[in-house]
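Below are structures written as structure tokens.
Next come two complexes, and both contain chain A; in the first it sits with chain B, in the second with chain C.
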Partner chain A sequence: MDEGRAQRRGVSPRLWLAGGWLLLALLAAIFAPLVAPQDPLAQDLMLERLPPFWIDGAEPGYWLGTDSLGRDLLSRLIFGGRIAFIVAFAAAITACLVGSTLGLIAGYFGGWTDRIISRVVDVWMAFPPVLFAILLVAVLGTGLSSVILAIAIIDWTRFCRVIRAETMGQSRMDYVENARIAGYGRIGIMLREVLPNVVPSIVALLSLEMGIAVIVEAILSFVNLSISTDDPTWGGIIAEGRLSIHQAWWVLVFPLITLILTVLSFSQFGEALKTRFDPVLR
Partner chain B sequence: MSAICLDISDLSAVLPNGQRVLRSVSLAVQPGEVRALVGESGAGKTMIGKAVLGVLPSSVRVVEGDIRLEGEDLGKLQPKARRTLIGARTALIPQDPLTALNPSRRIGSQMTDRLVRILGWSGERADTRIRQLLDEVQIRDPDRVLKSYPHELSGGMRQRVLIAAAFAAEPRLIVADEPTTALDVTVQKQILRLIVQLQREHGTAILFVTHDLGVVAKISQKVSVLYAGKVVEEAETAALFAAPQHPYTRALMAATPRYTEPFASLKPVDEAVLAGLASEIAAADQAWRRPHG
Partner chain C sequence: MLLQRFLIRLLTMLITLFGVAVVVFVVIRVAPGDPIAMMLPPGATDADIARLRALYGLDKTIVQQFFIWLSGVVRGDFGTSISLRQDVLGLVFNRLPATLELAIVALVMAVTIGGTTAVIGARERGTAVEAGIDIASGAALSIPDFLWGLVLILLFGVLVPIFDISGRVSPQLDLPFVTQFYLFESLLRLRLDLTWDLLKHMLMPAVALALPLAAIISQLLKQSLKEVLDLDYVVLARVKGFSETQVILREALKNAALPTLTLVGVQFTFLIGGTVIVERLFSYEGLGNMAIDAVINRDLPLIQGIVLVFALLFVLINLTVDMMYALLNPRLRRG
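And then the complex of A and B:
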């Protein structure tokens, strides 16, 4: 048994790759002032549009080159990661708590409770998410907390739908009936018997949602609706890079790679975690 | 304490469309007695078990009759008191030992949980009790089993665990819902033997739901034969096999495959008998509807 487990652990490189990238990016974001080679806001028009280090004309200390105002791209990406991660964690956890709770209640109690919650979810999901987000931020005003709130308000339905379906499936299992015969209360069964069986899905969704939150934040920054324009954000850097694609492609390409790697890592990490959390799959 | 362990009288239940799934079922189980409920699938055997345990599907409504557990009328109790009573005095040995155990919890915590949280035992007492029961169901490595997740055990092992769990709280009545159907033929016999053995040692009454007349003959003292939610015959097991009274019982026995005639083709239950039963039931329904609107 233990041997088999160790073996399966060994053949899960995606957990290590995805986790590794996320850890690296997270640590860099947390210790940004120590790690970043330059001040991300310092402009120097003598150093504008420096290429990355392997191309002729690069300056030492500006590893990924600079943008049209001479700001160091690597430093800006590292500082941009701070906002990306804050939004990812805060928005995804909020959406997860709200959505999973409602999903668990709807799936377990069924009947009227389920009908009301499900109708709200249906109506909610009829809005195109990105437009909804832009609208919400326009109403709530720009700023970190409105971005977080907007993403949570839009995406709790994802959790609600999946967890409701999972809970319904689990609630029909004989072990739930057994617990009822033994005399457990309804809430007790929901929390002690059913919830542990939907936790793997919650974890996977949570990680996936963090990736989605990173994208949505980038989109909002891209259209200049995220936080104040001074702090670097990945979406903001992409928007600037788009303007100078012909003179300095790296300003667009590096933040895109960072974004893609991060989002991909979140989703892969979630899948891998799900397998680790599930005693049947493990 | 009343002498009768389980007393069901005139129990009728309907589906939302008004169709009766239980037709004035009456049956009594004495303390320590094994009562078999036999019938084809859909005859309502499981429904009776669920009614006794208070877990009927929400679409099925009991419209008439009552169920008494050791003299207490379950229908007259408040839901909470009913749950407590059923939890303390009954247990279920389920059909499918895989889905009856929570896949994400270890066997040990699932088994002791009920004793500790519902019956208020100390953890130590519950643990001792569980180990004693595991020994009784001939599980020789209780440490490994208690630490396992359900999927790490074989079907037979899981069913042993469930039998141990059912007897752990010393219930007065156990509903065994086709406990061997989902198991390998070779394991079925061992499991049956275990149930009978524990039943004798603990003096527990069992309502044994099955479609297998062979099993009925082996383990029960009395039998109720069910067809379409109606008890068509009730007798001592020996008497039933010696001289079945109702044509349906005879037809059911004739349809049982025998090892002595291995190449005889499988026979369905005689259609003439079923036609007779259908008109009998239609007449009974009509008579029942009149006073009930």
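And then the complex of A and C:
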């Protein structure tokens, strides 16, 4: 009990910090054309490899410096956030819908249904995820919808495994038995009684999965397989930064910090939400 | 009992591998790009194209192609790489040792770092030391290997350039090796100069792969150690006058390690999956790096071979861990 209360006290600052960063990054991405100080695609060889603002040689208006083509790094990060958040939301929600539904069905009905779904999950788990993602995007063709689809195709198993196990646990509890005695149908019990109790886990996984989707998108654009090369992406900027690392470290450092903050925030946010939604801990 | 368990697991393993083969095969055949198109010289005639398609078996139906390929795989014939024009199995075996060495070094690191911090955290439970370990492992776990790799490149490749961040071994060195297991062979030959050079190249990618796993081991093992430390037999050992560290190492560890072992198995497959991008990041000449090239070149036979070898590795690790668990768990051993 004490531990639960201590955990809850720890929730607030974590939730605020993580949520604050995500909100800031999301708003910047949505209003990118208004917020970005420069055109993210404008090249100017006179302005190539400008350092960030606190170093001698920086130009006003180019706060985080420029890359080897003279493009403004901050503006590229802000516009790159658009792709990152679209992929994060779309891929995670798709994976969540498919995986949670199958997990709920497998866990609640058991028997052959469960055996078939679990066998498919086993097959999926035998693929190296990054290689699978690269392969799928190569097959589906580069582009935003391919990236989203590829991530959803790979990561639905995360939801399926956890929700299946949780549903199995819930189905054995007294309240489910009571509902059955009270004459509710199986699907009714599954949706009205079991589902609300696995929602905290789904929410936490969803937030975690958004962070993972951001990383996978970055990896795909790092190997140059994500969307068209014109639009700035965080992974694309990292790939440029990796190449010019000895001439312009900032092109790698700032997208890296952005990615780390975003991934940490998504996982912390998920944890905090789980504690908050959990009927037992609450 | 044990044998029965083993046979059942072996059967599921084969079904899983068959499933993987089907999925890869189907996924690749839906690919819109024609792999043959890239191999053709300008001005090739339709007859040339047909001949080449027949050579790679691409003129048959997809089901026929699958079973031709599968019967080859069972005999150890994975086909010929389209982009490199070499035997797929030979190419894979040439690169696999580099990846295995990297994964094993990373695993050893993860177990060492995770185990040590777990023991220290359990000994110092309730203090600032434990809180510090919790924060560090939380961060190590939330940040994926790809990002750790980039952080390490910045720190030890650029800021303090003490390690190599590219390749497997310095190219100017004369290598006397007959196998592709450079690291193990250099140790056996007592060529410690080469061992050092290999390790200098391997250290950064291995740490990037090891950190998330080390964090998981640390958290889980510390938790189980803390549970065991309140049990009667541990309290008895303490009363007998053993120091807390001795109590943990001699009494608590062997009983607390079992749940961690199961998890390490699954997580080790994730670590191997991570080698794909980490090898790319550090230009390390392993299987994963070759896999990405194969996908970019649309080299169907090579992709199939590599994915299948990865899948085989994954199921073998799971099988090994399952058997080790059954052997070590007294409840299963006697049952």
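Some notes on this structure:
Please note the rule applied: the second predicted complex is superposed on the first by the 271 of 282 C-alpha atoms of A that agree within 3 Å, B and C clash if a C-alpha of one lies under 4 Å from a C-alpha of the other, contacts with A are read in each partner's own complex, and residues count from 1 in each chain.
To be clear about the criterion, a contact is a pair of C-beta atoms (placed from the backbone, for glycine too) under 8 Å apart; a residue touches a chain by one contact, two chains touch by 3 or more.
Source: prediction; values computed, not measured.
When both complexes are superposed on chain A, chain B and chain C end up sitting side by side without clashing.
When the two structures are aligned on the shared chain, A:L41 is found in touch with neither chain B nor chain C.
Contacts of A:L97 after superposition on the shared chain: neither chain B nor chain C is touched. Of the two partner chains, chain B is the only one that A:N197 touches; chain C does not reach it. Put simply, more of the residues of chain A are touched by C, taking chain B and chain C as the two choices.
When the two structures are aligned on the shared chain, A:L131 is found in touch with chain C, with no touch to chain B. Applying the stated contact rule after C-alpha superposition, one finds that A:A239 touches neither chain B nor chain C. After the superposition on chain A, the angle chain B-chain A-chain C between C-alpha centres rounds to 90°, nearest 10. In the superposition on chain A, contact of A:I260 is made with chain C only, not with chain B.
With both structures placed on the common chain, the touch criterion links A:A218 to chain C but leaves chain B unconnected.
Touch criterion met: A:D174 reaches chain B, while chain C stays clear of it.
When the two structures are aligned on their common chain, the gap between the nearest CA atoms of chain B and chain C comes to 18 Å.
Counting contacts as defined above, no chain A residue meets chain B in one complex and chain C in the other. Partner chain A is touched in their complex by these residues of chain B: 53-55, 83-84, 86-88, 90-92, 94-96, 99-105, 113-114, 117-118, 149, 151-152.
Considering their complex, residues 12, 15-17, 19-20, 23-24, 27-28, 30-32, 139, 142-144, 146-147, 150-151, 153-154, 157-158, 269, 272-277, 280-281, 288, 291-292, 295-296, 298, 303, 306-307, 310-311, 314-315 of chain C touch chain A. On chain A, the positions that touch chain C within their shared complex are 119-120, 122-123, 125-132, 134-136, 138-139, 141, 211-212, 215, 218-219, 222-223, 225, 238, 242, 245-246, 249, 252-253, 256, 259-260, 263-264, 267-268. Interface residues of chain A, counted against chain B in their complex, comprise 1, 173-175, 177-178, 180-184, 192-193, 196-197, 199, 278-280.
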